Structures are given as C-alpha cells and as structure tokens.
Amino acid sequence: MNSLNRNKMKSFTFFIGVVLAPTSLLAGELGASELSTGNTAWILTSTALVLFMTLPGLALFYGGLVGTKNVLSVLMQCFSITAVISVLWLIGLYSMAFSEGTAFVGGLSKAMLNGVTLDSLSGDIPESVFFMFQMTFAIITPALIVGAFAERMKFNAMLLFSILWAIFVYAPICHWVWGGGWLQQMGLLDFAGGTVVHVTAGIAALVTALVMGKRSGFPNVARPPHNLTMTVTGAGMLWVGWFGFNGGSALGANGTAGMAMLVTHISASGGVISWSLMEVKKYGKPSVLGAVTGMVAGLGTITPASGFVGPGGALLIGLIAGVVCFYATNYIKNVLHIDDSLDVFPVHGVGGIIGTLMAGIFCSPALGVFSGFGFAQGIDSISSQVYVQAVGVLATGTYTGVATFAILKVVALITPLRVSEDEETEGLDISQHEERGYYL
Amino acid sequence: MKKIEAIIKPFKLEDVKTALKEGGFFGLTVAEVKGFGKQMGHTELYRGAEYQIDFVSKLMLTLVVDDDMRDKAIEIIVEAANTGKIGDGKIFVSSVEEVVRIRTGETGSQAL
Amino acid sequence: MNSLNRNKMKSFTFFIGVVLAPTSLLAGELGASELSTGNTAWILTSTALVLFMTLPGLALFYGGLVGTKNVLSVLMQCFSITAVISVLWLIGLYSMAFSEGTAFVGGLSKAMLNGVTLDSLSGDIPESVFFMFQMTFAIITPALIVGAFAERMKFNAMLLFSILWAIFVYAPICHWVWGGGWLQQMGLLDFAGGTVVHVTAGIAALVTALVMGKRSGFPNVARPPHNLTMTVTGAGMLWVGWFGFNGGSALGANGTAGMAMLVTHISASGGVISWSLMEVKKYGKPSVLGAVTGMVAGLGTITPASGFVGPGGALLIGLIAGVVCFYATNYIKNVLHIDDSLDVFPVHGVGGIIGTLMAGIFCSPALGVFSGFGFAQGIDSISSQVYVQAVGVLATGTYTGVATFAILKVVALITPLRVSEDEETEGLDISQHEERGYYL
Amino acid sequence: MNSLNRNKMKSFTFFIGVVLAPTSLLAGELGASELSTGNTAWILTSTALVLFMTLPGLALFYGGLVGTKNVLSVLMQCFSITAVISVLWLIGLYSMAFSEGTAFVGGLSKAMLNGVTLDSLSGDIPESVFFMFQMTFAIITPALIVGAFAERMKFNAMLLFSILWAIFVYAPICHWVWGGGWLQQMGLLDFAGGTVVHVTAGIAALVTALVMGKRSGFPNVARPPHNLTMTVTGAGMLWVGWFGFNGGSALGANGTAGMAMLVTHISASGGVISWSLMEVKKYGKPSVLGAVTGMVAGLGTITPASGFVGPGGALLIGLIAGVVCFYATNYIKNVLHIDDSLDVFPVHGVGGIIGTLMAGIFCSPALGVFSGFGFAQGIDSISSQVYVQAVGVLATGTYTGVATFAILKVVALITPLRVSEDEETEGLDISQHEERGYYL
Amino acid sequence: MKKIEAIIKPFKLEDVKTALKEGGFFGLTVAEVKGFGKQMGHTELYRGAEYQIDFVSKLMLTLVVDDDMRDKAIEIIVEAANTGKIGDGKIFVSSVEEVVRIRTGETGSQAL
Amino acid sequence: MKKIEAIIKPFKLEDVKTALKEGGFFGLTVAEVKGFGKQMGHTELYRGAEYQIDFVSKLMLTLVVDDDMRDKAIEIIVEAANTGKIGDGKIFVSSVEEVVRIRTGETGSQAL
C-alpha cells in the first residue's frame, strides 16, 4: 500500500502519530488546519447512519425476533447501551482507544475530550466528528451481543456486563487495530471492523450464550419471531446504515468511500442470494428471514475488506458469507445445541472471521476481475497478508473470549446473570420494566 | 333457546353472515380461534429451526336462537361454510336457559 | 467512454442543454479529474436515501396495504429484487445503460465495472458513486411493479420476471433518456425518472395486472390494509428518501439540488392537500391513506420536472397530481375493475405521464410566478418542448407495454405466474416462504 | 435587509458573538457568491434528517402512545401539518420569518420565494436549501403540539388551529430570534430552537390541554400506549434526526456542526440515564418509555445550547433535563391533573426553558471541564447572558400563551374543538377518517 | 352451577369487573369478539373502495357461578354494562355440569 | 356429548395438546382470553401513571367429546396443565345436544 492509499484508512489520528508517513505528517502539521467541508459533511452523515443502525435498526432487527413478551427488553437494552457507552466514550473510552499510549491501550490524555476545541482536526475533519463517528462503533458492538443473551438476562447484569466489556474488551482492541496498536503496526487490514466489531461481538456472544445457559424449553419449544415485519424493517435500516459504517470508514467523501459503499452493497446482495439458495436447496423455499440473515452475513463479512477489495471480490465474499454462515447457524443450533438466541456468533462472529481472512486474499491486485487495491504497506503477497489477518483474528478472538468469560464471572458475583424462571415465563418486559409491547 | 357454536374457516365468514342474514338471523358473535383437528397445519422455518404448526386459524361463531329456528340455522351454516375440504369445521348445539338483553333487561325470546 | 461522454450522464441534458455553461463543460473536459468532496458527499448520501426508499420504505408502504397473510411476501419481493438487480447492475446492466453504445442501448465495455478504479470519475464524483446512485433507481423501478401483482404471484415467477424486465426494459430505456440515447439527444426533459422510472413501472403494472388477472374475490370482498401504520411509516420514508432521488439527480450539492428538493417537497405537499380535498368532497372525510397516496402522486409527478420547474409550478403540479391520480385510481378500480392491487398504474404511471408533460410546460421561464428554469437546448417554446415530452412518454410507454407483455408470456412458459387458489387463500407468506408475519 | 443582515440568520449569533472572525464576515460580504458544496451537502442532508424527525419519527413516537383506535388520527395530523405548513411557508411564512421587516416580523418581499433563483445564496449555501432547512423546523413545531390534544380534537379544528398558530406564533417568534428581530439583536443564544421550537410548542401544548379539557376518564382510566415498539422506533428516529436539527443549525459542515452534534448526543444520553435512575429510585425498575422520554428531554434541553456549550456542560444539561422533566411530568399529571395527553409541556416546554437558561451558563468559557465557547457579542458574564436568556424565555412563552389562547377561541367560533363523546369512545380513526389502524 | 356469558361493549369492562368484584364474584374470563346485531357498524374507505363494516368490537365475559348466585350476577352485569344505547349486548345463561380447579383437582362449588 | 372448556396458562398449551393427542383426542379449539381470579396481575408504569393490571393472559380450550370420554379428557388436562401455582385455571363441563361436521353433514359422535 503506498502512502497515498494509506491516508484512506480509518484513523488518521493514528497515522499522524504512529505510522511515520512524512508527507501526511507534514500535511497533518502544516495543513491540518485545512478543514474539508465535503469530507466533514460525509462523516457527519455517516455518524448519523451508524447511530441509525443501532437505533432503531438493530433494536428492531433483534426485537422482532424475540417473543412478544420480551420485545421491549431488547429495545431497552439497545437504548441503554447507547446512552451509557456514549457517556463512557466521552469520559475515557475514546482516549483509551485513540490517544497515544502503548501498543496495547491508549492513555487518558483525551479523557473528557481534554484539549479538543472547535478547531481541533483529525486529518481534515473536526476531531469532534471523528470522536462521534468512532463512538457509534463503540455503541453497536456491545449492542450486537444482546442477541446472544436475549430473553433471559437481568437488566442490571446486562448493563454492568456491557460497561465492563466496553472498557476491557472494546477499547483496547480498538486501539490495537485502529488506534496505533500492535495489530495496526503489523499491517492488519481491517477497514471497518471485521475484528474490532464482528469478531469481538461474535466471540463474546458465544461465550455469553454458553455461560448463561439455554432459554427454558430450548431447543424443543418453537420460538417463532413475534414480528418479522419489525425484523425486516430493521434489516433495511441496517443495510442503509452500513453505507455509513463502511463508506464512512474512508473518513472522507472520495473514491475509497464510493468503492467501499459499492462493495458493501454487492456483498450484502450476494449474501441474500446465497443464503436464499441454501434454503431452497435444503427446505424447498426461501424465507424472508433467511434473506435478511444472508444480508447481515454479507455485510458483516465485507466489513473488514470493504476498503481493500473490488466489486468482483465483493461478490464472491458475499456469496461465500451466505453459505458459510448458513451452515454455521445450523451447526451451532441443531448440532451443538448452543442457545445463542439470535445467532450472533454464526452470523457476525463467523462472518467477521472469514471476512478478515478473505480481505487478505481479495485485496491482492493480481486476481483479474477479482482484484483488490493492494496489500498493507511492507506486505507483498497473499500468504503474508493472510498470515497477518489470521494473527489478527486469533488475537482478538482469544482475548475477547477470555476477557468476556472473566467479566461474566465478575458480574455474577454482584448480581445473578439470569432472571428467575417465573420471570422468564412472564417475560422480561413485565418483569424487568413493568411495560407491555402491544395493546392492539 | 339454543346456542349454536360453529367453527368455520375464516374466509367463509362473509358468506355465512350473509346467508344467516337472508335467513332472518340478526345476531351473531364471532371469535378468532385456533383449531386442531384432522386438517393438517403447515411447517414454518426460522433460521434452520423448522417446525410443525398444528393449529389452523378458525372462527368460532356463537348464535343463540329460538328452539324452532335451530335446524334452519344449522342448515344455513352448513351450506354456507362448506367447501368439501377437510377442516370445514364443526357445529356444537347446546341448551340455553335464559337470555337477557342488557339494554332493556328483556328476557327470553324477546331478548334475541 | 471519453471524458465528454462521461458528462453525458443523467443531468447532462440539463447542464448542456439548458444552462449553456461553457465553463462547466470546460471543467468537465479539462478538470474532470478534480473530485469535489462536497458533491461526492451529497451523492453518497443520496444513494443511501434512495436505497432507503426501497428498503424499508417502499417495502413497508406496500406491505401495510396487503393482507396480514401476505405481508412477508411483499417484503421478500422487495428484498430479493434489491439483491438480484444489484448484482445484475454490476454484471452488465450499468454498462447497458451508461456505457457507449447505440442510440438504443449501451455496450458491455463496463461489465463488471471493467476499467473502473478508485480514481475513476464521472463528472466530479467517483464513478463508483455514480454507479451506486443509478443502481438504486434500477432497484426501485421493478420494486414499484410489485404493487400490481401483490397477493397472487409466485415467488419464482416474480423473480424471473423482474430480472428479464430489468434487462429488456429498464436498462435500454435508461440508456435512451440518461445514457446518451435517442430521447436524450432529442431534448427530453426527465430530471429524475418520470419516464425511466414511473412511466415504465406504471405501464408494466397495468399490463401485469391485466395478464395476471384479479385476486380471488376482487372487487367484492373487502380487502382493508392490514396495517396502515406500516404504510404511513413507509410513506414518511419515501418522502424523505425522495429528497435523495430528485435532489441527488443534480449529481452535486448545488442550487439545482436545493431547488429540486424544494419543488419535490412542495409538490408532495400539494398532492397531500388536493387528494385529501377530493376525499372530503366525495366522502366527507379525509383519510390518512388518501393523504399518503396523494403524497406519492405529488412526488411521482414532480420527478421528471424537479430540476426544471420553480416553486410556483411545483405547487400546481402537486395539486394537479392529487386530483388526476385520485380520479384515475377510482376509474381503474371501480369502473374498469382492473385489479392493480396497490394502484401502481393510476398513481405512478399516470403521475409519471402528466409530470413528464407538465415538465415541458412549467420549465418555461416566462410564466411569471409559475416560471421554471428554461427549455432543453435548441428548444424555445412550450409547444416544442411538450411535443418532445409527449414523444418520450409515448415511446417509453409503448415499448414498456409491449416488452412487459412479452416477458410475462415467456415467464409463463417456464412457471405459472400465479399461485394456486388454495395457496392464495392460505396466503403467500406460508405458501411461498413458510413464515408468518406476526405472533403477537 | 442588507447583505450584512442577511448573514444574521440563525448562526449569526455564533459567528459574530463568539468567533469574532472578521474574515468570515468579509467572506460573507465579498465572497458570499461562493457556494460551498461541502456545507451545502450537509444542510441538504440535515434537511432530510429534520423532515425525517416529523415523518415518520414524531408521528410514530406519538402514534405509539395513544390508543389503538386513535393511532391513525395522530399520523394524519402529522402528515397534514407537514403538507399545509410547507405550502404556507412558501406562500409567506418564510418571508415573515426571514425577510427584512421590523424587529417583530419580516415583510412579504420573499413571498412565493420572489426573486430567488438557482444561484441565490444564503451565506455560502443556496437560499433554496436554507429555505428548506428552516421549513422543517416550522413543520415540526406545530406537530409537537399534537401531543397535547391527541385523542380528542376534531380534524378540521386541528388543521385550522395549526395554520393560524404557524402564522401568528411561529413565524413572528422565528423572526425575533433568528430573522434579525429584537431578541437576536439583544444577544439571545438559541442555537437550534430552545425558544423558537420547544418553548413555543410546550406553552401552546399547556394552553391547548387546558382549553380543550381532559379526555373522558382521565386520570382514572388506564391508557397504556397501544404500541411501545412504535414509540421506541420513533424515538430512535428522533435521536438520529436531531443530529440534523442541531448539527445542521451550524449551517455548514465544520467544527461547530461537529461539536453541536456531539453535545446533542451526550445530552440525550444523559437524559436517558437520569430519567431511568429516577424511575429506579421511585418505582424500582427502569422502563423503556422512561428511557426514551429522558432522551427527548435531553435532546430538547440541549437544543438552544448545542452550538455554545462543550461536552462537559452537555452531560450536566442532559442529566439535569432527565430529572427536572421527570418531576415536571409527574407534577402536571398527578398533582395538577392536567391532561396534556403525551406530556408535551413537561418534556418540551420545561426542557426548552431550562435549556435556554442553561445555555447562558454553560456557554461560559471559564467553567473548567464544563466550559463552553463564549457569550454572545457584547456580553461578558454569565449573569448578563442568563438575563438575556430569561428575557427570551419569558417573552416567547408569554406571547405564545396569549396568542395560542386567542387562536383557540377564534377556532372555536368556527368549529367545535372536540369531537363528540361518542366519537371519542369510538375513536378518532373511524370517526374522523373512516379507517382502522390494524387488521392483523 | 351456571355459566353466564355476557357480550358487552369493550369500554364497559372496567365497570363490570369492579361491580362484580364488589358483588363478591372473584372469577371471570374475557374474550375479544366481534358482534353483529342491530347496532350499525360503520363505513371504511380505502382509496376509493368504500365498504360497510357490519361487525362491532365486543367483549364476551364468561362467568361460572353457583346456582343461587345466578340472578345476582345477571343483575350486576346488566346494571354495570348498560348505556341505554343499541348494542349494549346480551347475556346467555346455561347449565354447567361440573367444574374442576386444575391446580388442586377440587370439583364443584369449591372449585369456583 | 360433553363440552369441556378449560382455561389454562398459555405456556401449557403444547403439553396439553400433546397429552390429549396421546390420549386419543384429535379435535380441539383454542381461544386467547384474559382471566381475572385469585392470581395476581401485575403493575404497569407509563410516565408516572402506574396502575394495576388485574387480568392475566390465559387460553380457553374447547373440546367436545363423547360422554364416556369426559373423565379421561378432564384427567389428562388437569395433569398436563397443572403447575401447582395459583392461576392454573378451571375446567367447565356442560352438555352438548348435537354436533355436526360441516364438511359432510354427519351428526352425533361420528361428527367428532
């Protein structure tokens, strides 16, 4: 990757401090005061799009999939996580992720946005905008995990878990990959969060599902989604919002943003198509839940690759994502009988893993119609790049798994993780929030 | 007086109501129910979890009539609700001791 | 495609034909490699907005109008069309529409985005962005037709039909009007798709409704919308998304974009008001379904005119749209007894026709408070312009009608178009997808 | 209005008062004809976001809170207000608010956008864009009042009331604060509508609730929201849309926009947290309705302050908003027994009042971690600024109260304000619109 | 024992429940139903398709009581549910042979 | 023939249905109802308005059986629906005069 391309990645902040790019450094120092209104406009917009993914996008996507007596609890979890993580992001998480520090975690120099003024820039956009854009990622990641423990976790345990997880898992890993940490230095390609968002959320989901245990009746009792129209509505919002997630990760309104959006869309389409075909093959009919699940698989899988691969590669990635995540979902549920309620691990986790690996393949500029836009700096072959990608997946996955387990054990010392059986039967909406979703 | 409870296929409601009206029956109460019987349900599929839904949507009609209108009502319903296919439903007939019209307090046949 | 032709996209007609701005031409030729981040930001955003119109906007708008047993089938149709058309757009449709070719269809030189890099520009935005923006139009057009055959078409027939229709109807007509084809050369004013989107979708809807036949029970059995709150939600999204549809068609963040958004909004408002008034006149009460239908009529009708007319003209266009489409809907349904399930033809088709014609009137700069911003290049009177507009409507309408009919006949050779009567009674959700919308 | 004054719209306060940037002034005067595509892109986007707040955001937020038999009436009110106010904005309201006139109201020189062309600029964005952005504020303000009289007002009375209110309350007060009027001249800091939007809507809600009287059965009959999932969906849209509301009020894509978005988000988060804590304290459990109400309180309260305060101040503002509005809601409902159906006054009114006052405190650059970005021009202490803020609140509140009362009395001369008791029992959907929300 | 089935207007539920409670009746089951009778329905309008809805929302209350409480229950319901307007509904009374409390297996009056 | 109406807790439906099926009962109609009885409801809270919900979600099963199957059916239901906690519900048994199968017009036991 040449120095021009290097500027096109996520965290300019970091490049100034760490990557030793003299030209961009100069730009950073001398011309950094040149704000680009166009780039700023796009990242402001992207921030809105990514928040929209969580509220109401993901909340609806998940909310529709649970039983009618638990729908509000899911919405509440997404809202509460958003509020609490946002405040934590201001207080210290942003600084832990993006301020100068060690290879493993940033410092606290930017706690409470210390020193940031109206004129502070991060690259050519205001630092406030960079802060906000990154915050929306820090919000959606723990919100994704909600799907694993839905319909049985106590509200206060959920909140405590999410807080600790954001501090001890999200912020450090974000620093490793985007904040100048060791994986970034190693040349890991993760454009918009294959490891930072999807591997971490997916592994945490798996661990949480195992630690929490199954919902009563699983897998014998049928648990149809209470409102698939709500889920599909959320899915549409996720698709659109993902344009900000991946397209915004270019941190500017440019060719990389456009191409990232394009490959994101194509991969989502590929996921819809291949998941649907798998259903037709196995059950004879395609379902809309299958279609939107394939979409999420395609979107999650392209995420790490989105700034590096071309349209042909994206199509393959999407098609592969739909097939692999389809099998993974069936395997986890029907063979391993793990009750990851809303299939977070097989879709996001597996998608994040294979996407990060495939980014190392399809970034290669020498694959003909499946070519991408080049390896990380200092890397010049698919095998070296895939090796780095594998290290990234293993490191983030392992650390997440261990830390998530530890956090759950700590939380369990303070409050039970699960509601009582009676509360589970009555539903979390009444038992945790004294509310009912519908009086139609 | 007799209470006629008829379980029918939902899309037959209009036909039955019209036929009853034409037959001179001007009171009817309808509840949405799910039925389990010979008629097969269907399978549903949610992300690899496939299961059999045994229950089928039905409507339960409640109709209270004078004793001498009983057979006519049954006849009308059977005819209007019939499709000849499994799942057309049942009619249950039982005795009603008393009927009261809430508005007026009238009782018996007058209350119908 | 040379750099001159590259400008020949979408609003080329307008820039060249109307504004006679040699500087912008020069810029196009000499400085085309200068990317505008501001314009790019707006078209990235517009792309998101137009996708949002389909997913979940249109899906909800239509989904709420059908019976509860068919709601998922409509959502599934919108999702599947999005996925499949997107992939086709990449494979060849984009090239057929926008690469150099004949006056009737483009070539395949841009199949799989052959030759397009991160730096390729289309005007002053990345070509990837132009590709994506245009793709969202190619998605929504067949999705609009869904309304005509809702509640009775087989899923596989629907998919096959949509694919063939996109290839043989949408792509060529898009080329005629925006890709440098014969209608563009003739000076047809169609800013954002009066002919390309609404006339084609509307005529196809009419033909499909006629060929498919009525839903069982039509028009005697009452078929109230199963969820008007869903329809109104979708309507709100359509209104907002249309800002990207028409505003984005300026292909930049400028006065034309602003004015296009403004007239779009005013026309939508006019449509709401006049449709509501018609209902008050005829039935004594205005309905919310009437209001949102008037809104769509106003939006569809202003679409071709949106870059060319002023606020006064837009208000008239909206008011007229509400009245004419109101009568058209009643006529089709109650007099002709055609079962165009969700009234696609009388709203979109009729709106597209009268809007394209009125664009030729209200673009005139000599109408006082109802003035617009000028005729196409080489045209200097309302009558000449309206003549061109009429040719555009007739040509696109006729071709669409014939081709749609032929496509339906071909599809019918492969698979029945309709589900069986039992399946129709049971509902498409269960019969086609083994799912249920709600378990409340 | 001369070209200097023309710049004195909305963000003028900020530019002059705070930044003391002669260059930007000069740019305004000399180079005002230079359109900024980046700024334009962001305000186009913000316009879409703010419309999205009303349609479908607010419509859903409110619609979910009423009974199932009244849901469409609320949606219809939001749609109708949007359509009618938009047309009025074009015909004369924009001119009354933003064209040159007296200190109390603008003139009619811009009626029908007289003289505005494609090239007309307002600052460095097209005037059409400024017109549209401001219009979305004029729409949402009367739409907010809908919450006060929900479930009992006649449709025609509602429409007439909204029209007169927009003319006699909104347009003049908008001129006072943003159009160069007396409050703006006095140095009132109201970045995005604490007085113009929230105080006016809140006070009007209170007056309307008192004049209309209680819904039958209030407060004895339980009236649970018919669909909290709808309300939460709307809440998510409001949160995202508010980024355009406050962020767009910078009228550009710059550091002020970024910081306004940031403080908006932090305050919303603070409101969620503190309202939830109040519920835990008082009832033992937090509810999702409480969370989203706290969110609206946080958003409404930060609105006037959003361009002036820093992150620390915003956090305090949000936390305070949640607590104060919580008590206000309980007090109005349970002590005063005023039937402001959806709590518009205690949330928006009270939030707008305390937010406007707190803007005067937390704009101070001398509060350490709670510092803001400076006072209005010519003001140099918290006490002087708070004095001006208090004058602004009192003036706008008093005028709104009196005028709203008078308008209601006038409307009552023409048509009864309330539906009959039977119609109220049957529900407004059937009685006013002959429609039903759901046939599930 | 007697089974009392009362069809009432939905907004009367609270009143009826409260009155029954005060009258010493502590068991009640309620179903949402649609009624067709003398009370007119309303018209609905959807894009030029206007039609008559004959059915009106009602609630059906089921209440099983000892024989000697029958008349009291009827009286209470009639009084609490009455608005004097058409559509107030009906009460149907029939005999119940046996009652079982599932929790305990108790039968007869004790099970109520 | 006898009509058995059983009010049960919703999450017990599958168990009851399965038990009945195994016991040889192949027809059943289910309605969603709300019950009021000894079982406490819960409180709900909406922006400072807190109130008591007395009604609890229940299902009402209707099952018509031959006279000699009556006790077996009751037994099965009692066993399958029992949780031992308040609110398990009741069974009401009454007489049915006639049953008709709509599809065939058959009557009496054959119609079941």
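Labels A, B, C, D, E and F are assigned to the chains in the order they are written; within every chain, residues are numbered from 1.
FYI, a contact is a pair of C-beta atoms (placed from the backbone, for glycine too) under 8 Å apart; a residue touches a chain by one contact, two chains touch by 3 or more.
Nothing here was measured: the structure is a model prediction, and the numbers come from that model.
Identification of common neighbours of chain A and chain F yields B, D. Each chain gets one centre point, the mean of its Cα atoms, and the points for chain C and chain D are 33 Å apart. Look at where the CA atoms of chain D average out and do the same for chain E: the two points lie 47 Å apart.
If each chain is reduced to the centroid of its CA atoms, chain B and chain F end up 18 Å from each other.
Chain contacts: chain E has residues 31-32, 44-46, 50, 94-95 touching two or more partner chains. Within chain A, residues 36-39, 41-42, 45, 224-225, 227, 233, 253, 283, 285, 287, 289, 434-436, 438, 440 each touch two or more of the remaining chains. Annotation, chain-chain contacts: A-B, A-C, A-D, A-F, B-C, B-E, B-F, C-D, C-E, D-E, D-F, E-F (touch as defined at the top). The touching residues of chain D, when paired with chain C in their complex, are 35-42, 44-45, 47-48, 51-52, 54-57, 59-60, 63, 71-72, 75-76, 79-80, 82-84, 86-87, 90, 112-114, 117-120, 125-129, 131-132, 135, 155, 227, 230, 233, 253, 432-440. Those residues of chain F that touch chain D in the complex are listed here as 44-51, 53.
On the chain B side of its complex with chain C, the touching residues are 11, 14, 42-46, 50. Contact residues of chain D toward chain A in the complex are 36-39, 41-42, 45, 49, 67-68, 224-229, 232-233, 235-237, 239-240, 243-244, 247, 252-259, 261-262, 265-266, 268-270, 272-273, 276, 283, 285-289, 291-292, 295, 310-312, 315, 369, 373, 438, 440. Against chain B, in their complex, chain F makes its touches with residues 3, 17, 26-32, 62, 64, 94-103, 105, 111-112.
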